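Worksheet for the structure shown next.
Per-chain numbering from 1; labels A, B, C and D assigned in written order.
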Amino acid sequence: MAISGAPVVEFRNISKRFGSFHANRNINLCVDQGEIHAISGENGAGKTTLMNMLFGRVMPDAGSVLLRGKPLRMRNPRDAIRAGIGMVPQELLYFPQLSVLENIILGSEPSRAGIIGRRAAEKEVLCLRDAFGFQIDPSLPAGELPFAARRQVELMRMLYRRAEILILDEPTSSLGPGEVEKFLDVLRSFRAGGRTILFISHRLDEVFAVADKITVLRRGSIVRTLESKKTSKSEIARLMVGGDEISCPNAVTEDRNRPAAASEPPPLLEVEGLCVESAGAEPLIKCISFSIAVGEIFGLAGVVGNGQRLLARALSGREKASGGKMTFGGADITRLGIDARLRAGISRLSENPAEEALLPDRPLWENFLLGRQRESKFQKSGIIRKGEAVQFASDLISENGIAAQSPLDPPASLSGGNRQKAALARLFAGSPKLAILEQPSRGLDLHASAGMRDKIFELSRQGTAVIVFSYDLDELLSLCDRIAVIYRGRLMGTIERSLFSRDLLGRWMVGISS
Amino acid sequence: MMPSFELITLTLLKATPLLLAAFGGLICELSGLINFALEGMMLCGAFAAILGAWATGSPWLGLLFGIIAGICASAVHATASLKLGANQIVSSIAVNLLAAGLTGLLLNQIFGVYGTSPTVAKLPEMNALLHRNMPSPDGTFEGISILVPIAFALACGVMACLRWTVAGLRLKACGESPEAAAAAGLSVFRIRFLAACAGGALAGMGGAYLSIGDLSQFVENMTQGRGYLAIAAVILGRWRPAGVFSAVLFFGFCDAASEWLSVRWTAMPAQLFLGLPYAACFTVLAFYSGKRRPPSALGRVE
Amino acid sequence: MRPDSKSSFATLLPALIVGALICMAMAAAIGARPLELVQTIWMGAWGTADAAINTLTKMTPLLLTGLAVALAYRAGLLNVGCEGQLTVGALAGATVAIKCAFLPSFLLLPLSLISGALIGGIWAWPAVVLRRWRMVHEVISTLLLNYLAINLCAYLVSGPLGDGSAMGRTPAIAPGAEMPAILHSGSLYLTAAPIFALLLCFAASFWLCRTIWGFEARSVGSNPEAAFNAGISASIWQTRIFMMSGALAGLAGALEVTAVHHRFYRAFSPGYGFDGLTAAFLANGSPEWLWLSALFLASLRSADKWLQIGLNISPNYIWVIQAVLLLCVACRQRIGNGFWRILNRLRTNSALNEHLEG
Amino acid sequence: FANAAPVKVIVLTDAAGLGDKGFNDVCWQGVLKAGKDFGFEPRFLQSREQADYASNLTLAAGNADIVVTLGFLFTDSLKQVAPQFPKTRFIHIEGDIQSDNLTCYDFRSEEGGFLAGLVAGLFTKKNMVGAVSGMDIPPVEAYVSGFRAGVKTAAKAKGSAIEVSIAQAGSFNDPVKGKSLAKTLIDKGVDVIFRVAGNTGVGVSEAVRSAGGVHLIAEDLDQDGEMPGKILASTLKRMDVVIYNAIRDTTENRFKAGHFWLGAAEGAIDLTAMKYSAGMFAPADLERIEKAKVLLRGGELKIPKRTGEVDGFVAPEL
């Protein structure tokens, strides 16, 4: 494509309001051909809203979007796609009962006389899959894949379409480190091919690894656009919050210094030979044994789709164990249901709280009340004390910095990160004895993930045991006292904090036992 | 004649209106639009078919009228629920009420009669067609409307479309996730609206079968709950074309068998035979389980 | 009021106005004078004591079946089986009232009502069982149960439970089981049944919106997975609510028997179950507004004979009115927004004109 | 002056309503004819539900001089309402109610059924006849019992056993079901079908129309002309005449309260003259039919009204 003077994408005086709330205010931004342009900002800063306007999913209230110098009316994603734009949205968008193949080719199916050319499509999709090293069977229904694998499907769908301008809204939030590396390589190769990429991520490492320019958004307005080579992580972090410099996440790794306990803390949860079957297939979780002490933070690492979800669900009672034994504080809990375990103090944050933990159309106060409605604080002889509940919700909202306008708003009006914050806040407010966290930092900004870490440390000091499932090895290394690796439904091994070794963990994650 | 053969033809006859309506409902529901309004669409189709045949003198034009009326009823439902934000179940119920009211009202206004319309010319029957070329095989196809084979052919066509074509895939995509379909560049509203119209056409045809295929008259509320049974067949068939096809045949068979038995086992009370098809379906449900769930976004608009 | 105001009244009013206009246009098209029509409907429903009694009597089953539908809907279930539940409830109520005639009235009447509710609830039970264990959608199972109930009851009253005539009905219930009249007008009378139903309706709406049990049920309706993860068993709540729903429909049947018909007939319900769907959704599925929609539907129903003998309009027109209003209420958000937008534009235009003139 | 004002007549039907090609329509024809002759415009009121009967009756009684109620379902409400409107005259079909302002008529439908059964039994070639009934209500039961008795009589006359199959549709309003039931009967080998099913009968006729060698007997109304030759005969139940006469008597101030049984003897039940089908019968059979009519008119023959009484019925020698 001939390089003209005009930028490929230009936002001109774009504003967007939701009710009386300004999600975007007077945005002016140029993106040039062949650059990777990162957008950074806190949760709720307005990144997703801005990208949605470029993709025609949201109409701006004022201002215009110019494409190669020409103003373009983007009424719906179709217009955007026609203009050569592709997007991987922040929330998962997929067709649960269609196969992975169909998910990918939809909208640009190879066809003759209206009949789909399945053979050709399959060949191309397999090529794409192998380019990334994903391990997805394209004939499976997308809804049966683990959450993170669905994300991979979306990436493949976007690549399949060969868009010239790519919008990636937190694409890496569910990828493991190895996959992230491959993914970033793909982005670089795209840039070399002359494509333009808008990239949103809360992980500054990735941003600095690929981005040419970084634009920082704060409360709906652009703070500044910087060349990535001429700035630093700490500067970006500072611009994002608009105040003092905050510590960078990687620095936390060294901060984790717990006073060595005088005596060995008593074990809280003991798991012995746990097996879990999923719908009659061969046991997906095979004979897992481990134990966790009071106040311990236990990490579970692994590549996407190795049974983490099933294990987390089995621990919380959501899934029945088909074999083995679990004891919690000395009592056998193997047969207990989710409600009994909750009462015993075991809480889980699911990997997809928006679908599995929140009531999307009910006000936030009801969401925060959910699960504690029987506590005497919130009810009197069966009647809900609404005042108390709303007060409780307001407190949680302000304590956790959730960007909601009132406790009467439903979660559907929150940004992705803020929904995660809300789910976390509810879990932490219950002061559980054992917290099972799946991808706790997913979608959280720097500030919020730091807050989340602090909260976990605080809880652990108070004696709560925490199990963290994450694909992000760095996160686990910085958080945990011990890390185990799960591979194909088995534990490959466990290491203590003093022996942490990225190499070893990495090898375990791909199934090489030492 | 062998009893099994009688049962088969009776089953086919019983299944035809259900088959048309159920496939109409299936198309609609696969695109994500709940269609509890099949009863109303059938009723509109049945009435308009009579009206058309009466006004033009040609039953084929009557069939066309019936199809158009089904489309119109469906368009009301689709517009209300896709454009105007109505709850899809509510708008379905409203369409059913509207059809019941309007057909009765118009019957009175246009024909000046209550309850039953005048008799009109009906669509040709199979043996009338076969007679032309060969001698009648002792009335084998007696009373079987030409619409019966057409209905089965249409159902097979719909099945093939849903399975193999781009249009079928896109339709299913809209029913799986309208948000994702929109993000993939499809016009969800248009696809769903067209699906609803196609569904309405089939359901209207199902209604027309009752009034000018099977009979040659319209009787107020003549669908008698067949539209509800059709949607039950869609659910029983778990939203899979082949499943819906078998469910419809199963309903038809139970109904045919109960009638067949009721004229032979005269000692049994008639009410028991009237309840038999439903009891049989219920029993099958209780011992049957399948995996497929409804379209993931059924009832959800973007 | 702001055009995008979500307040229900601001949108409901324009929707009703639009609906009424459509109905009147249709009336004009079939040759009736719209105003006369409104007057006739009003007179037919509330113009005389007889009419008012009739309307209130008709409201009772609509209110209860509407409540049954609304309650289940809030827990994420669609109960289209009220028809069957009502029928078995009515037969159970009548049978108890006949067979236990030896009991004193203060026992017999409640016993009859309770047994109606009980059987109604039990009739709803297979649907939840199938839903839970066989993943069978409740719409299909309740629909089939309707037909089963109607045919089973028809068999029972023409055989074992009948009065021996070929009319397909039970004998009259014991006088002690009849609900006492609180108001007479000629041969028509009003019992406490409508008041009872109203109280039940308000109690249910309080239960649903203010108590923890109602909260749990609603949470299940909003997102069963989230509720389950919070320790609330979705399947148990759905079972409970569905049986409650069936019990309400069964109660409606038993009330009809004890308060109105004093016996059970074959083809007992003239479609109250489906009317319950209309009533519930006209009230937007919220029990606290159900009384209004039930009252409105009952008014139309009791006015339909006036249309026939007063204006010589086919009673089918009543269905059309119901359908149009139901559609408009269902679309009220959009209609309301459009209405206020137009109103605002008119207002700014006239303000502009004034400004120009002034 | 008051007398000069046209009388007001309101007809009440049960949920089936007008357009049933049978009971209600026949009655309505009588009212219409009376309206034409005596200068009034009748209105009709269809009750949609059982709960409406009393209130609709009250309303009609308050607004009309003559109220005509059709069907046994009205009996209970009439008992309550009629005495409260002494100035209104009530004419009721089917049921026995005592009130000074009420005249009610019951028809011996079984006699019509008997004639139908006789015709069917005499005509059948395969010795198999059938009937499609709507719902199990007293007049239908009477028709069907009469039909069985008639077939029995024919069998005796022919000296061969004739099988009777009855199919019930469970509704007066489901012609589609009526058609398939009739088809099932035909498949079984039945070659004469008697329909007593209101609108459901529409479907029965349809099935007979497209089947070769099968004939129909219609109920209540002369329908022989609809399918000449295919309809062997129609039973006649002259409710129209009865209502016409009752209205005439009332307008001429000769209203007579009471309950009347009407049958062939009174000329209220009859069979059509078989204009199109007489040629298909043997002269001896036609004679038998005439003889049966005479017997019935003379009141010498008692036809069973209930199903249970059929077995005890002794077929007359014809």
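One rule holds for everything that comes next: a residue touches a chain if its C-beta (ideal position, glycine included) is under 8 Å from a C-beta of that chain, and two chains touch if they have at least 3 such contacts.
Keep in mind that this is a model prediction, so the values were computed, not measured.
Undergrad: With contacts counted as defined, which of the two, A-B or B-C, has more C-beta pairs across the interface?
TA: Between B-C and A-B, contacts are more numerous in B-C.
Undergrad: Distance between subunit A and subunit D based on Cα centroids, please, to the nearest Å.
TA: Chain centres of subunit A and subunit D, defined by C-alpha means, are spaced 76 Å apart.
Undergrad: How many angstrom lie between the centres of subunit A and subunit C, each centre taken as the mean Cα position?
TA: Each chain's C-alpha centroid was found; their separation is 46 Å.
Undergrad: Quick one: report the Å distance separating subunit B from subunit C, using the average Cα coordinate of each chain.
TA: 28
Undergrad: Quick one: which residues in subunit B touch 2 or more of the other chains?
TA: Each of 114, 271, 274, 293 in subunit B touches at least two other chains.
Undergrad: By residue number and range, which residues of subunit D touch two or more other chains?
TA: Those would be 46, 136, 170.
Undergrad: Spell out, as numbers or ranges, the residues of subunit C touching 2 or more other chains.
TA: As it turns out, subunit C has residues touching two or more other chains at 151, 154, 158.
Undergrad: Any two chains that touch count here, so list every such pair.
TA: Pairs of chains that touch one another: A-B, A-C, B-C, B-D, C-D.
Undergrad: Name, in rising order, each residue of subunit A that touches subunit C in their complex.
TA: So the residues of subunit A in touch with subunit C come to 316, 318, 337-339, 342-343, 348, 350, 355-362, 366, 369-371, 373-374, 378-379, 382-384, 386.
Undergrad: In the complex formed with subunit D, which residues of subunit C make contact?
TA: 50-51, 53-54, 57-58, 151, 154, 158, 165-168, 186-188, 256, 260-261, 265-268, 270, 301-302, 304-306, 308-309, 312, 315
Undergrad: Spell out the part of subunit B that touches subunit A in their complex, as residue ranges.
TA: That would be residues 164-167, 169-170, 172-173, 176-177, 179-187, 292-293, 295-296 of subunit B.
Undergrad: Along subunit D, where are the residues that touch subunit B in the complex?
TA: 16-21, 46, 130, 136, 165-168, 170-171, 173-177, 179-181, 183-185, 187-188, 199, 202-203, 206-207, 210-212
Undergrad: Help me check something: in the complex, which residues belonging to subunit B touch subunit C?
TA: For this pair, the touching residues of subunit B are 36, 76, 80-81, 83-87, 89-91, 93-98, 100-105, 108-109, 114, 225, 228-229, 231-232, 235-236, 269, 271-272, 274-275, 278-279, 281-282, 285-286, 288-290, 293-294.
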